[in-house]
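Pasting the structures here.
One chain, subunit A, appears in both complexes that follow, with subunit B as partner in the first and subunit C in the second.
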Partner chain A sequence: MSIDLSQFHQVFFEESFEGLDIMESSLLALDLTEVDAETINSIFRAAHSIKGGAGTFGFMQVSGFTHVVETLLDEIRSGDRDIKQEHVDLFLICVDCLRGLLSDLQAHTEPDMAQADELKAKFEAILAGTEAETENSAETNAVGSASDTPDQTETAGQSADSDVKGWKIEFIPCEDVLCTGNEPYRMFRELQDLAEAESGGSMKVVPHLEKLPEFSEMHPEMCYLSWTIFVYADIELSDIEEIFEWVVDDCDIRYERLTDAGQASDQISDQISDQASDVVVANNEIQVEDKPTEINAELAEIEAEKEVVAETPAAAITSATETEQTAEVESEKIPTKAAKSPTKAAENTSIRVSIDKIDGLINMVGELVITQSMLGQLGQEFDMDRVQRLQEGLGQLEQNTRELQESVMKIRMLPISFAFSRFPRLVRDLSKQLDKEVDLVMIGENTELDKTVMEKIGDPLVHLVRNSLDHGLENAEERTANGKSSNGTITLNAYHHGGNIVIEVKDDGAGLNKERIRNKAIEKGLVSEDETLSDAQVYDLIFQAGFSTADVVSDVSGRGVGMDVVRRNIAELNGSIEVTSKTGEGSTFSIRLPLTLAILDGQLVKVGEEVYIFPLVSIVESIQLEKSMLNNITGNQFVMQLRDDYIPILCLQDVFNTGAEKKDLEGAMLVVVEGDNEKVGIVVDELLGQQQVVIKSLEQNYQKVDSISGATILGDGTVALIVDVSGLNNKPLEKNSDDQTQAA
Partner chain B sequence: MATILAVDDSASMRQMVTFTLKGAGYDVEEACDGSEALGIAKTKKFDLVLSDVNMPVMDGIQFVTELRKLGEYKFVPVLMLTTESAGDKKMAGKKAGATGWIVKPFNPEQLLNTIKKVLG
Partner chain C sequence: MTSAAQKANNDVVPGSNSDDEQQYLTFIMAGEEYGVDILAVQEIRGWEATTVVPNAPDYIKGVINLRGTIVPIMDLRSRFNLERVEYSPVTVVIILKVETERGERVMGIVVDAVSDVHSISDSDTRNSPELIEDLNTEFIRSLVSVDDNMIILLDVQRLLTIDKKILNIADELTADNESND
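Then we have the complex of A and B:
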């Protein structure tokens, strides 16, 4: 039977990555002054599982590498070695290295073993160090090899002997052999199989009953018998030893070569007559004679049974009761399917869902089915008297649908700790690199967030944390000079607020330097020298493209990715970012994101014949235009004064070239929306209702359209486009900047 | 058909073992750690128990010790799934009452051969 092991690979990779995460977080949590045994144990277990799995599923590179890691961990675990900082560092590098190897293997590419080999050599050096240091382990090693060698030479010597015709085995089991589930009978059966595999091979078992106590003293769980076994076949000793492998340590087993068949049979008769002469009571003699035949009979019986089993499996199954059969077939099929589907699935497409959520879902579906059957019945025999009940039923259906929707959404929700988990390591490595002392505090790790949003927020978060560490926090001397504790603190905080999740990245550093930002902005031509800006406006400058206040581009945060990219990434998720800061006390970046990308609270508006949807979060207000508010600055670009601000006015007819007739701006309905911290007024013909809409990708079904983030299907079956407010916002801005460059 | 209880904290290992054994016609149940396995073992009697050694909550050694205390499992074969490097673990397993061991890494054929030997 051959089984395709690759069907288990996906599960193996998933659990290995999980194991590596556990290793990493445990290593980071390790307090070297007071090492927690359970933490070491869990690190060891993770490495151990990866090694075992890798070996089983044929990833020898990984198992070979993990072996040395595991060995060192084992020494630490068993107290043979104290764990040092250098070990922790090395283990952490190994975690990264293993991640790389496994990712390569998962992607079916040959992994690069250069780093692994280098690390392996380092581990081997450390491991070799012990043997030199502690004599004990060297000694045990020597003993081990010493006991190994003679055995091997003996075996070799024996197998070289061409006269070998069989073996005489003295088997004296320990009394409690049965209590470990080891049945001597099983070993005889194996021996017989082994002997009979040779042509003309046979076996004889002679029991010894001397130790059998009086019946009254006999303990039923004890084994009082011992045996002499004659195997007449040319078998390797190692094959026989293998049969007794599990009991060799606590039983007395001696092997003796039988050089030719004649001598062997002589020996048996000697043996038997010896025994017979020893036995005084006639009863016993009978038993002695009986026992071997009994065993032989039993062996024959087993043999027969085996044949029956081999011959009739099909018959046995068909004769089985139907229920049993289906149950069995089903239980066999399910794991096959379950095991196969992940192999097809690409990376990261699976999700772990708690049973509670699934149960909730099933419950909900049950409710839905009840409502459906109720409505179905109502429809079959409907008359107008039952309108009331129909309405009730529809109300119930609406509720069911909403609850079902919520539960399905919950399935995609994961705790933010998935995104946070990488930060302890990141902060540790970075603070080392920057020579700063930093504590990381994480709050609200169980706050849930849609999986897709989570995946996309990872990089911006990393950038923010890097930025806070590099630019936000001062070094220890500066901090102490300013009367702060030498350790800086970075706080990651996540919480739900309305339909959004807010993630804060907070540092207790020097705070944003308004003067420097302003000067830089002037230098870059982003603001003019005589412009007065509010604090918020100054802070907002750091999100402008091409803005960087660091005088020297550092290795850590100067990676060519500015805050403008962070803001853009977040805007793509329909989210926003803002920063608050206090000189000397630190800065806080707050990211606000929708909980899910699949559903949106929208405002439906009508422009010409088209229905558009604005995300509700982006709407600031809706007003009626008055002539006094209107201004025409450049060409046909209208702006309006809204309190202290001037905001551009857009007609969607122009943006999307729908060709629909434009109404007079005066008295028109205007929806003021905000995206990318820029406001824009959009002229609409009519404000329709607000509703939750399911976002369908336009890109997948049609093609990417500027200023449209997606589409949805309305209750009457028509398609409505969802307006991408920040995309819309960039349009007039681009135009403006073009104008500026042209003017300059 | 013989019933087997497979205990391992690694999901891929459990899947592989279960798939192999079910394919060979055995009736298999799984547990993720010793404590869960002990609970399952109390509900019905298995003909053979396969257990990993290194597991969270309750490891294989402790599991076998506890299992042997149950009257029904006094003589039931218990095989430890262990790695070759762990020679001392083998002995600890035996001391706790394990019947024998299967050395990791093993392939499905090796697993089946060993189990056939034990169950006959």
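Then we have the complex of A and C:
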């Protein structure tokens, strides 16, 4: 094949991951009491396309593994087998395992097949299990494998000199093979090419016409023929298998090696010993360990099938060569892996965008072009009479630019269901582990959010959900004792609110225990014993580093690492988190995030010679200071009374050490900003306009600056810095956090 | 390849002995001539007003907008603890670009005037004498003589690493120096 398939790998991986997501969500949605055939079908389809794709791109580990998964699914789909809870569990583990395999392959590292092999054996056991049940041959299995084992060692010596002459292939296609777009003739032609590529190779096809009906009954699109193909050339079985790859599921294909010895029983052991030696050659510890059980399983399968003796070797050969193949692939991969490791980091991500959004964008660009040509024409023959038209044109340009900007931003917007989709699984697994019964309710899954924000909010959300499950919800006995339904409920709710998105994680558990939090805080020395704290202040304590009230530290949570990280992550996204809680009724964590990270509505202010920008969302109000409002505490720290609160007053000149001259506080302009639920008043010299600003990174070429979240470029080309309001509030803590980052 | 082997190669192919030569852009600062690898130079600009960065060390004059990128500007005179001068219309900013583990990094340095471009062979360079374990010597890669003038070749990579740790050391050192004075 001359086409470089690697260019499609990225697409394959993306589609496969999507397929796995579909499998996972469908499996979770599966109601075992009333199995929906369509759900099973969609799981099957997803597995099938992963297998097909993996086969096409030569990821034999994946296709081989998916094949057994698919076989079981197929039996369930066709109604040969009822789906049970254990099957669903097994499938879910498979989804995880496949995900691991695929991401290893994507990173060009050798996938770890240990789990896959283990699962494969389980599947094979299940598949073999039914046959054993129906044919009641469990005993023969044991006898069969026991008697075959010595055989295997005996004939190992003989098999070494058996001469491979070619292959006998029984090809019995299903009747509608032609409808699936597969043409047997082409396969024969390819097979012939393959055979004739070897010196002295040839091929013979013997058709079987037994099933051919009367001409009047014949359907033109049905295939009634079957064939026996003799290939007289020394070719690898994998090459032949590749030709039949697309029909292998629908058709009955048996391969038989043409040897001098010709004895069926010899062939079995021959293949098995071959396989055994191959394993040793592959020098792979895991494989060697797994082999004995696998061989036995295969033998058991063969015995259980109880088919015609002639067919048994074929099955053995197929499975033997399959493993042989993986062993080969693995040994081949090792050098390529070494070669490819430097390019590991070259992982690019992509977004799927609906065609509507693209069309809207193209329309917008069209209008922009029209406006531009209009303005261009105006500029060529301009006189003062046309000022009016120029202004109109500029107004139109502004509108176009804004619309274009919005549409471009929309491309990055994805529904939050992308972040929510992992929770059904997480909740299911966790509730099982913790032995709690939990219902998960998700609301507002179509709320759109910037992709970057979405990626960064995933982990904090997982943390919150885990926390709610572990600490928030009580177990069933406690719940019924308190007069609640035994099932706990966790609600994930997302909605737009102003220029923000709000995500709520709500549980109907016991609520935060204020007394316990307070005692713990006193114990840790975070608050003193006689301090009175408001509810909000108490709840705020759980975001302190190392704070946990859990009596038992589990592997789920309770170590007190986390809530501080959650808050820090959210603060990095310019967002905030709040807790409300009612004893006995549950608690709600609300996360407030900006819709996008790239653009910000800002208020421009002037301090000394410099222009700074405050995010508009953080501004509470702007007031003129009067002497009566001011109170001086501890020398040079001023506070002012703003309704019920005393808020500190800061001068940016002091905080930023710019050395600019300070004006008298009296009569100065004060901007009251809020971040992390703390208000602070900032003295500015002048309020300039409000505008949308594009956030530029200061860290890219410089470094992180405390209390500054980024920079932007103003209309006149100069740089203005964007003030990080929550950073200003945490100023006293700054030293601590610095030490931590350096230690880390 | 060893240097001996390289020499042998050069002998075989005549006229190719410029292989180990590198071009350096030199500039003048306080009467001395300094050189930086010309491949690290992105452009040369005139001095323009900067936006002051909060809590920056005093040798960081601020940031400018370089075609949409925020680029910090460093005053090399104050970086090397040289006497300050007023910026004039001939004061130039050399925009340097280096690859670091964090990706590309662009920074401007303010110098008195740009001087020349020299081709300098690595074998002609001399290590700077290790007299004082000063932080400033850390930026000096080597010394070289061109037409009887000494040129100080700077290590651009180190110059642009304004890592917090190094900054701290720098602050300590300047504090020490000041107290010694």
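Just so we're on the same page, the second predicted complex is superposed on the first by the 490 of 744 C-alpha atoms of A that agree within 3 Å, B and C clash if a C-alpha of one lies under 4 Å from a C-alpha of the other, contacts with A are read in each partner's own complex, and residues count from 1 in each chain.
In the analysis below, a residue touches a chain if its C-beta (ideal position, glycine included) is under 8 Å from a C-beta of that chain, and two chains touch if they have at least 3 such contacts.
What you see is a predicted model; the values in this text were computed from it and never measured.
Chemist: Using the superposition on chain A described above, determine whether A:N182 touches subunit B (first), subunit C (second), both, or neither.
Modeler: The answer is first: A:N182 touches subunit B but not subunit C.
Chemist: Look at A:I708 in the shared chain and tell me whether it touches subunit B only, subunit C only, both, or neither; answer first, second, both or neither.
Modeler: second
Chemist: Tell me which touches more residues of subunit A here: subunit C or subunit B.
Modeler: Looking at subunit B versus subunit C, the one contacting more residues of subunit A is B.
Chemist: Looking at A:Q377 after the superposition, I want to know if it touches subunit B, subunit C, both of them or none. Which is it: first, second, both, neither?
Modeler: Touch partners of A:Q377: none, neither subunit B nor subunit C.
Chemist: Contacts for A:Q391 in the overlay, against subunit B (first) and subunit C (second): which applies, first, second, both or neither?
Modeler: neither
Chemist: What is the contact status of A:S63 with respect to subunit B (first) and subunit C (second): first, second, both, or neither?
Modeler: So A:S63 only meets subunit B here.
Chemist: What is the shared patch of subunit A, the residues that subunit B and subunit C both contact?
Modeler: Touching subunit B and subunit C on subunit A: no residues.
Chemist: Applying the document's contact rule, which stretches of subunit A touch subunit C when the two form their complex?
Modeler: It comes out as residues 609-610, 655-658, 696-698, 700-703, 705-708, 711, 713, 717-721, 742.
Chemist: Please name which positions on subunit B make contact with subunit A in the complex.
Modeler: Checking each residue of subunit B against subunit A gives 9-13, 15-16, 18-20, 22-25, 54-56, 68, 74-78, 81, 83, 85, 91, 94, 97-101, 104-109, 112, 117-118, 120.
Chemist: For the complex, give me every residue of subunit A touching subunit B.
Modeler: 1-3, 5, 7-9, 11-12, 14-15, 42, 44-45, 48-49, 51-57, 63, 67, 70-71, 74, 178-183, 186, 189-190, 221, 245-246, 249-250, 302, 306, 313, 331-332, 335-336, 339
Chemist: In the complex formed with subunit A, which residues of subunit C make contact?
Modeler: Per the touch definition, subunit C meets subunit A at residues 49-56, 60, 62-65, 68-72, 103, 105-107, 162-165.
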